[in-house]
């Protein structure tokens, strides 16, 4: 068994704010991340899949297939978008890095064939990242 | 004469779109960067100052002073903000990386003392950056 | 359960040398790292905490709180200091990256609330790092 | 128990192609990676060893010894070489990143003393890497 | 006037060796870079263009156009190729980083419209790069 | 004419403090950088040489020669040393990044043959660097 990881990137706007809270209460809890006019990030996404090496190809999974899957199911829906407003799989959720990583896992896990999704790692900035193992 | 550079970072939302154009025309010219609901970036800013070494301190400029200046005049106004809506020195300008770098130069140049502003370098993503020399 | 990581940095001097050994013996065992007049590093610290996502905030832990904790308990005691001479929690210990990571774990673990410390990862150079899981 | 990691690098040529397949079939399965005249990479290798801290030295393993071992057994055989043609431990194997990481593990594991090999992590590009845990 | 830079990457095989010299003489002059069976690199290319900001778009040059140009004229010809054997614009030239940067300049300069090519910067490894200003 | 750059690294201790000033006055001017017991950095050094390409080799300068020169004249004298106490070419100088870059230039310039030293760029941290052009 071996792990293989593909990095992809997307640039998106978001804010941390509950619509059922006032701006003041959002500011208290989420600080500057609650700015009503949004802010944004260059997110960096690492998707790790694990499985056995196929003796015919030397691959756990064809990285081109993995790249296409991540782009079709995740990147095209997030890149140059507003995470709170534009992304179907984030509707009704707080746009925290934690929730976003979990949602990306859910979008990918159902499509991985012949190997197993192991980890979704998501950088919001160079100083902050989350890892979700399902 | 020697050059010294300080790196700072800010996370902001923006879009590339002219209010005097239709969404369709903005889309044609600016592509996905014109998404009406915004997107965002982790901007990386490098400010380079040049001058002679002060023999008493070994410094061209005290980096703590330079850091404080950049934070007060630039980072606090941009970080966790919407460049199109929240930033006084970008009002009425297209929020391109080029225009943003020039505006940052203009904010900083008037405050540098005892040395000379040499370059504002601004990364929008790991693949794109601009440099402005005044 | 999800993992979240915060990066912080500190710049410190140290040497690898046992006071109960001669300079020659220290040189034999620790090589150039035993230089009597010290050397130093830009250390990079990654602190990983794990827990469940709070449904009210979307957070495992408030990163601002985690950042403040790491700075108060660790960075302020190490940054611009001599690890062998200036740091209370390293007194009487060899200033190896291994021992430093373990000591940082011990300083942090007692203060983490509502989540669990998972890993302290410490880079001494771009080519060397340690990870401690408690 | 603590983990310690050493990074090394090597630059090598390879191709993904089975000698028992036609160029066309290799192209179909391996895409541009099957280019008959080779292509190449700056590989980045992270070797992680785990064990207890030796109270006399503060070390899990002497990093100079680990560095020398990796260089002697792995880097000197791969750096500025053709992985398909020049490397004894890759003879008869598809030169995928997966197979290369496993082969590097096998070369190193037999020489680690007083600690245990934990992971071989191998980057082929900044976007792709594999991890093997034995 | 402002400078704007686009980063692209390609993975290629090459060797440093003159066909009019013996393998021994090539080894003497070019060391391990002359390995007859090739080696390879992840090259990183930075293309800098300078010009005035177009007041209608806020752009010096449309980065999508610049990206497409670099990919069509340079990356597609070099990526997953052998620089000595497969690349028309390197035929008959020593495949040094210097010569490659100059050749890339020559391929690009003739196609830049409305702005001026300023610099081609080419990394062979993380420790070595060249810059050509025409 | 083309520029070529070699990166090297060294880890050193230093402090910013004038021996003719009291600890208090040093603290006032140099802040935490004046810690009497030293602190340290992983310095990153970029040496840029410019010249014409030798048509026989495709080189401006043999990078192995440049690497050996930088290591012999600079790195061996600074790596795992105390810049204030151990380095002959820094004796009597304030150990600022500015002064160190100028001193490195002076050590290297006299030994470059067949090409010209263009720039010494020295990173003290990921956020601060200086460039000296002679």
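Labels for the chains are A, B, C, D, E and F, by order of writing; each one numbers its residues from 1.
One rule holds for everything that comes next: a residue touches a chain if its C-beta (ideal position, glycine included) is under 8 Å from a C-beta of that chain, and two chains touch if they have at least 3 such contacts.
Nothing here was measured: the structure is a model prediction, and the numbers come from that model.
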Chains touching both chain C and chain E, listed by label: D, F
Rotation angle superposing chain C onto its copy chain D by C-alpha atoms, nearest 5 degrees: 120
Centroid-based (C-alpha) most distant chain relative to chain E: C
Selected pair, out of D-E, C-D or A-B, that shares over half of its residue contact pairs with A-C: C-D
Same-site or different-site touching of chain B by its copy chain E, using the half cut: different
Intercentroid distance (Cα basis), chain D paired with chain A, Å: 29
Where chain A and chain F are represented by their mean Cα positions, the distance between them in whole Å: 41
Whole-Å gap separating chain B and chain C, where each centre is the average of the chain's CA atoms: 33
Residue list for chain C, restricted to those that touch at least two other chains: 126
Chain pairs in mutual contact under the definition given at the outset: A-B, A-C, A-D, B-E, B-F, C-D, C-F, D-E, E-F
Of chain A, residues touching chain C in the complex: 16, 18, 29-31, 93-99, 101-102, 126-133
Of chain C, residues touching chain F in the complex: 9, 11-14, 32-33, 35, 37-42, 79-82, 85-86, 125-126
In the complex, chain A residues that touch chain D: 1-8, 48, 53, 56-60, 63-64
